[in-house]
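Read through the structure below, which is laid out as structure tokens, and then see the notes.
The letters A, B, C and D name the chains in turn, as written, and every chain counts its residues from 1.
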Amino acid sequence: MIGLLIFIPLITAALCFLVKNRRGIEYINLIGAAALAIAAIFPITASHSATIYFFREMFFMDALSSYFMMVLIFIAFVVAMYSVDYMGREFKKGVIGIPELRQYYAFLHLFIFSMVFAIVSNNIAFFWMAIELTTLVTSLLVGFYRSKESVEAAWKYIILCTVSITFGLLGVFLIYYASTSVYESTYQVSRLGIIGTLKWSELRGIAHEMNPETLKLAFIFIIVGYGAKAGLAPIHNWLPDAYSQAPTPISALLSGVLSKCAFLGIIRIVILGNMSLDTSYYNHLLLIFGLVSMGIAAAFILTQNNFKRLLAYSSIEHIGIMAIGIGIGSFWGVYGALLHLLNHAIVKTLLFFSTGRVRLKYNSPIIDRVRGAIVVLPVSGTIMLLGALALAGCPPFNVFLSEFTILKAAIDNGNWVTFALFILFAAIVFGGIFYHFGNMAFGKPGTDIEKGEEKSEYKKSLMAIIALAAIMLVLGLYIPGFLDGMLNSSVKIITGN
Amino acid sequence: MEYLQFLIIIIFSPLVQGIIKKLKANCQGRVGASILQPYYDLIRLFKKEMVFSRVTSWIFKVTPFIVFISTIVAAMMIPVITTKSSFGLMGDVIALIYILALGRFFLALAALDAGTSFGGEGSSREMIVSILVEPMLMLCIFTVAITAGSTNIAMIAEPQSFVLSPSHVLALLAFLIAIIADTGRVPVDNPDTHLELTMIHEGMILEYSGRYLALIEWSHYIKQMILFTLFVDMFVPLGIAHDTEMTGLIMSSGVYLLKMLFLAGFMAIVESTRAKVRVFQIPSIVGGSFVLAVLALLTLIMVGK
Amino acid sequence: MKDWMDLLYVMDFVSIGILITAISINSLSQIEAWIKAYMINSWLLSLLIFFVAVKNPEHHLYVASTLTFASKGVLLPFFLKSIVRQMKKVQVVETYLSTSLSLIISGIIIAIVYVSLGKGIFVTGFSSFVLKISVAVILIGLFIMITRRSAIAQILGLLFMENGVFLAGFSLTFGMPSIVELGVVFDLLMIVIIMGVFMVQIKQKFSSDVADMDQLTNLKG
Amino acid sequence: MISFFYLGIILFLAGAIASLIFNQRANGFAYILTSTGAVCFAIFGVLLLSSPPVSILSISTTPILEFVFRGDTISGFFILVISVVTFSVSIYSIGYTKGMANKGILGFLLSIFIISMYAVVLSGNIITFLISWETMSIVSYFLVVFDTQEKSAKAGFIYGLMTHVGVVFIIALFLILYKHTGHMDFAGIKAAAGNLPDAVKTIIFIFAIIGFGTKAGIVPLHTWLPEAHPAAPSNISSLMSGVMIKVGIYGILRIVVDILGVGPEWWGTAIIIIGAVTSVLGIMYATVERDIKRLLAYCSVENIGIILLGIGTSMVLASNGLYKLSAIAMTAGLYHTLNHAVYKGLLFLSAGSLVHSTHTKNLEEMGGLIKLMPYTAFFFLIGSVSICALPFFNGFVSEWLTYQSLLSNFQAMSATAKVAAPLGGAALAFSGALAVACFVKAFGIPFLGLPRSHHATGAKESSLPMLVGMAILALLCLVLGIFPGHTIKLFSPAVSSLAGIEYVFPSGKGVIHLSKTAADLSPLAILVAMIAIFMAAVVLIRIIGGKSKTSYRDSWDCGISSLTPRMQYTATAHTNPFRRIFEKVYLPIRNVNSIYILKPLFLKSISYTNEIVPSFDKYLYNPITDFIYSISRKVKLLQSGSIHLYLGYILITLLLLLLFWF
């Protein structure tokens, strides 16, 4: 059934590429996304109790990956819904033709496929390949509009991510090497024909015997490799360009899921680290990266004039927050980080969608050109403002809850420096986001902009936005039982008890 | 008997005003009007026809009564010749200040009611004077009240001693200046001129005529005498009776008369020796006495008496 | 056969050769020359894999050796040459740093790597400092990408980094599971192809001969 | 008892939904629902006041997120305060929102706003408090920016930012409390707070003052208040100014007085000083203000200061062991809280109907409105008299009590308290006198004299529901002023639980008798006396003067043909002496520029501008923001767009990690 998860997006992508009329592609896209979601439900529920393996243990799903899978399928589905409107509109405007449409949907589902592959692959090398594959696919999507800026963004994206991911590969090799040394010592294999393992499930078993120094070195390369992809400062520089140039649904998917998938790679290694001798090494590294990311993001958010870039920087900030949560390492810290992962995915997607509508309306991503959005777009403008408040960490929305949990965990560990810096940067970020989105929402709209939401044919994206907003509010006030259960078991996997 | 002592203030306040005027005239080498002149004025005004401005509203008409009533209530609160007064339960010295403020508030409103610039000028200046004077008044009262351990005027007036503690002396000086400023006398205000540039109190009541003017003038006299009485109660309570047996009352009324005469003389001398200052120099005068009041308080805290 | 290899430290010589070819880029300024250097580098790499295969008879290592030779030693250089020819009059690409300075810096990098990897890690590979060499090669590849302005230089730098990683992989652990190698090589080819695509696009959009990176600075802040 | 709570909540939610349903149609129904809800809550509050602490409900989904609502006497008192204002505001709104753009949303937000305030004062643990608190802030933010104009957006931004900075401190102090007590619920924290180390206590105290003080609007954290309150619709501003800032006071009471308990003496002294500064500066800025709603907002700052004077005095006395006196001081503070809620609500409502019918907030453009809007004028007058603390209206009693407790503070031991208390009293007197001046202007300029613009001439009396809404509060002003004893007896349980002793307020037969300072006060007696004297006076006048003859003429105009409205004193002129005298405080920006035809003889025109920029923005806030912005601009250089630089970052990061981390 994991096979199903892997194949559905592939098939969808192929079909999207083959079919040649717009409606057909759109329906295939929607059906594919829905099918993926439905197919995922069973393994997610099943893996909650026990880890599922597939194809000679090449693929597996434990609670952690099923949690990520849940986030992925949800965001992928809303993105598919939204894409229909967005691309349909571009198509109407004549920006793109049928071939581009086919490309777009094909690549979209290839992208989804690569992320599914990354999440379920038990082999860390396969994981690496999957992440690399995402780079390839999304670079094409980032450069989708073929404009000067988008090509530049795509180039930077592919160069920077490939470079960093190369270090990731070195890290993978080192881990393999560390495992070989273990087998050497345990099974007295002759020095010739040493065998090691790349299966994460097995690595986890022998992690405590690995040479800690090798593991540390590997972790340095891994965190640089996947950290760049996840958007940890100071190796985040591709991120604002790519997010701001990619088509809005892709930006949502990039920031909502892809960065998390890359982060999953780091988490996996951290788990190995926690198995080995000193865990503080890994945690401190994560804390430092997290705080630096928050600080840099705060500075950039404060003086930003392009709201897509602003959202990109806030993604950096939130990845930083997750890193801090994992780095704190206590139960509640990790719990908060994982919860934050979901919350951020929802809110950020919501914001990308609503600002996407705003952008289509005003034909500009520049903040100063957008005024009175709340008057022009009564629904999505309002939701945009609410989403911005949520993103900035206001109760009663969900992001506040996870951030508060992480803060509480920091306090529990007596981690005062983290606490102080976190709360300072969060306040600055709040100021920036609040200021910019307030300016966008209110004021006098330009005379050339006609008021009112889009016509009925663009209702799908509106529905998606409203649904996301509802979830955002509910999760702020209530955590459903199954979510709590998933979180608990995932946290157990990470903290290792 | 002790319930009626406030009538003394009400009845004799015009006389005090008359005496001050007379003494002032004498100081300036004039003969001056008879000391009963204020009574004649009041009666004349009561009989005269009233002229209202068309602009005015009901505020203008209720104000004289409110001013008159509040002043009299204030008069009821303070012991004149005996400290045994059951009107004390109405309120203490702080309440007294605020009741006087009620009258001032409405007077300032009524001044604005006619829509002339004199009225505005008058009320604005009255306000500036009052905000300068009231805190000072309060500080003096605190100084006394803290030593007496009460804000009840009767209890403040209890002790019988010739000597004044240093803090009291300072407070006394400050309070004298406060009285001058509050009763609208030279150098702060000139009660008997109608020159636009200088007048404060007169500017406020410029539109009044007839019996309303009479009420306001009368309550002005009463207020002045209340302040005098408050002064003697607070600083030189010596000689005031504590019960209602006749001889004591007569004696204390004699003492009271002397005190009033002394104060009247003081006022006359001040008014004829000093010149009226510009409005924006008032702060420097009052500020000086404010410093005195603060000093009084601090000495009380540091020295303890 | 194995003994003389151990005797003459063939492995070490080969790996050092790889490092030197990497460093040599710093002093070269012609793209053609770079591609040659890369070619030699890849040949050395495949030679090293071959020796590893000789040392412990695992067939997939021979496969890997030939695969590396074919892809990195022949196919990629050819592809790159073709791209270079596409954009005419390419030859010289100026750098940000002078030759001597960049040589010094790469020396510093190597020093840092040697110092920091000196502690802690014990290497069971047959070349005692092959890990250091490979990391050094990777970082020098990155350094090349930083200092050279043209897009193709960046591709080359990336390829050098890949070689370094492969060096590490094979010399430390006598090779990965072959499926991994296949996947990695495949990924590599894909990257280079897509980069080529974008490079052509950059040339069109920015109308520059060597796809000059300095023009790609519209997105900032 | 709990049923009243549920009933009220249901009614408010119903009101919210109803106002969304009949959005543009007549939504009086929704407001009727909310007003009944307010009644229910008022009953609930009264019941709470007379009962031991009750746990209302607690929903727990996960350990981090559990909603706990508990009610005790303190929350009971504040619920009462909120309900009183809410009731009349909702009645007022029936008329006020007629013909308003998307009033449905306004009604919805209003209901949610009120619910969130109730939730704050009832919340029983940290997370509940934070969520309700921020909900309150966000909803009020949306109410501030309700008319989506640039100006109110700016006001809203300032408000939102400052309140969030406050929240940062609140979160910090809560988490510190949690760290040291190990509890998330207030009951547990209070139980364990006894043995906190002093340093921690001090930190919490400071954070509480900053955090909650921002919401309450203490100087210099008040700058959002004069921006935000005028921007909101008037019924909202009366809620914000009358009630919401009191929730900040509630926070201070809950954390500092209730949880931390009796602290060192300097806490109280500090609060007294803060209160004195706040009251004086607030009223000083109010006095020179021309915008009527800004004026009222600044007055709220002043009254917060007076409330803090009472609370601080009570803390000082408590830390000196004088619990009876401290209870009286606390009574003063709480009573002033209630009173200010009532009359400030009234003032904002009547100011609202002024603005509603004249379409301007500028005092200079009003005038003579007492003839066109007699009832509104009357209610505004009552409000003014109360806020000036003039006798037999409610403000007077609480300020009198504050004076008394400040004086009794003299029995405290330390010199600082001894100095602070009487000077606080002086500050109170000063601000009282300034308040009189301020409201002579605020009532006199718009209502009296001649109309100054077409805005004023076109005004007409506001509709019945608005008048009713105001009338209720006006009546309360009088009742609370005349029967203080009964009112204070009503909420004295809250006082005793705050002061920590069983405490009965010394009053009987309409007379307050403070045995310690032997001071009596009986507004009732004063009123009776006044009526009696009035009758006597009328008779007297009749006897002396006989029948009265009256005639109507024009005002005295010094003989020129006729007075024009432009000859009247303007609001600016009326308070110009203050500007001149307190230049050092206001730092006014005056510039006269005169254009000559032929210098220096023939003058063409003189233009004179005189404005006041609040010093806090200029000298406190702008430097901070500039600093932060300059840093972020420097950081921005990192993203210069050059890919080589980015690659360089990767290389450097790696080298650093290898060198120092491995």
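Operating definition for what follows: contacts are C-beta pairs under 8 Å (C-beta built on N, C-alpha and C of every residue); 3 or more make two chains touch, one makes a residue touch a chain.
Source: prediction; values computed, not measured.
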item: Comparison of B-D and A-D (more C-beta pairs in contact); value: B-D
item: Most distant chain from chain B by Cα centroid; value: C
item: Centroid distance [mean C-alpha coordinates] between chain D and chain A, Å; value: 45
item: CA centroid of chain B to CA centroid of chain D, Å; value: 35
item: Intercentroid distance (Cα basis), chain C paired with chain B, Å; value: 100
item: Distance from the mean Cα position of chain D to that of chain C, given in whole angstrom; value: 70
item: Touching two or more other chains - residue numbers and ranges from chain A; value: 155-156, 159, 163, 167, 216-217, 240, 300, 303
item: Overlap residues in chain C, where contacts from two or more other chains coincide; value: 117, 119-120, 142, 145, 154, 216, 218-219, 221
item: Numbers and ranges of chain D residues touching at least 2 other chains; value: 636, 639, 643, 647, 650, 654, 658, 662
item: Listing of all chain pairs that touch each other, if any do; value: A-C, A-D, B-D, C-D
item: For the chain C and chain A complex, residues of the former touching the latter; value: 55-56, 58, 117, 119-122, 124, 134-135, 138, 142, 145, 151, 154, 158, 161-162, 164-165, 168-169, 172-174, 176-177, 180, 183-184, 187, 190-191, 194-195, 198, 201-202, 205-206, 216, 218-219, 221
item: Of all residues in chain D, those that touch chain C in their complex; value: 636, 639-644, 647-648, 650-651, 654-655, 658-659, 662
item: Residue ranges of chain A touching chain D (in the complex, touch as defined); value: 155-156, 159-160, 163-164, 167, 216-217, 220-221, 224, 228, 234-235, 237-238, 240, 285, 296, 298-300, 302-303, 332, 335, 372, 374-375, 389, 394-396, 400-401, 404-405, 407-408, 411-412, 414, 419, 423, 426-428, 430-431, 434-435, 438-439, 441-444, 476-481, 484
item: Contacting residues of chain D [partner chain A, same complex]; value: 61-62, 64-65, 127, 130-131, 133-135, 137-138, 145, 148-150, 152-153, 156-157, 160-161, 164-165, 168, 171-172, 175-176, 178-179, 628-629, 631-633, 635-636, 638-639, 643, 645-647, 649-650, 653-654, 657-658, 661-662
item: Touching residues (chain side chain B, partner chain D) in the complex; value: 43, 46-47, 49-55, 57-59, 65, 68-70, 72-73, 76, 88-92, 94-95, 98-99, 101-102, 104-105, 108-109, 112-121, 123-125, 127-128, 130-131, 133-135, 137-139, 142, 145-146, 149-152, 155, 206-207, 210-211, 214-215, 279-280, 283, 294, 297-298, 301-302
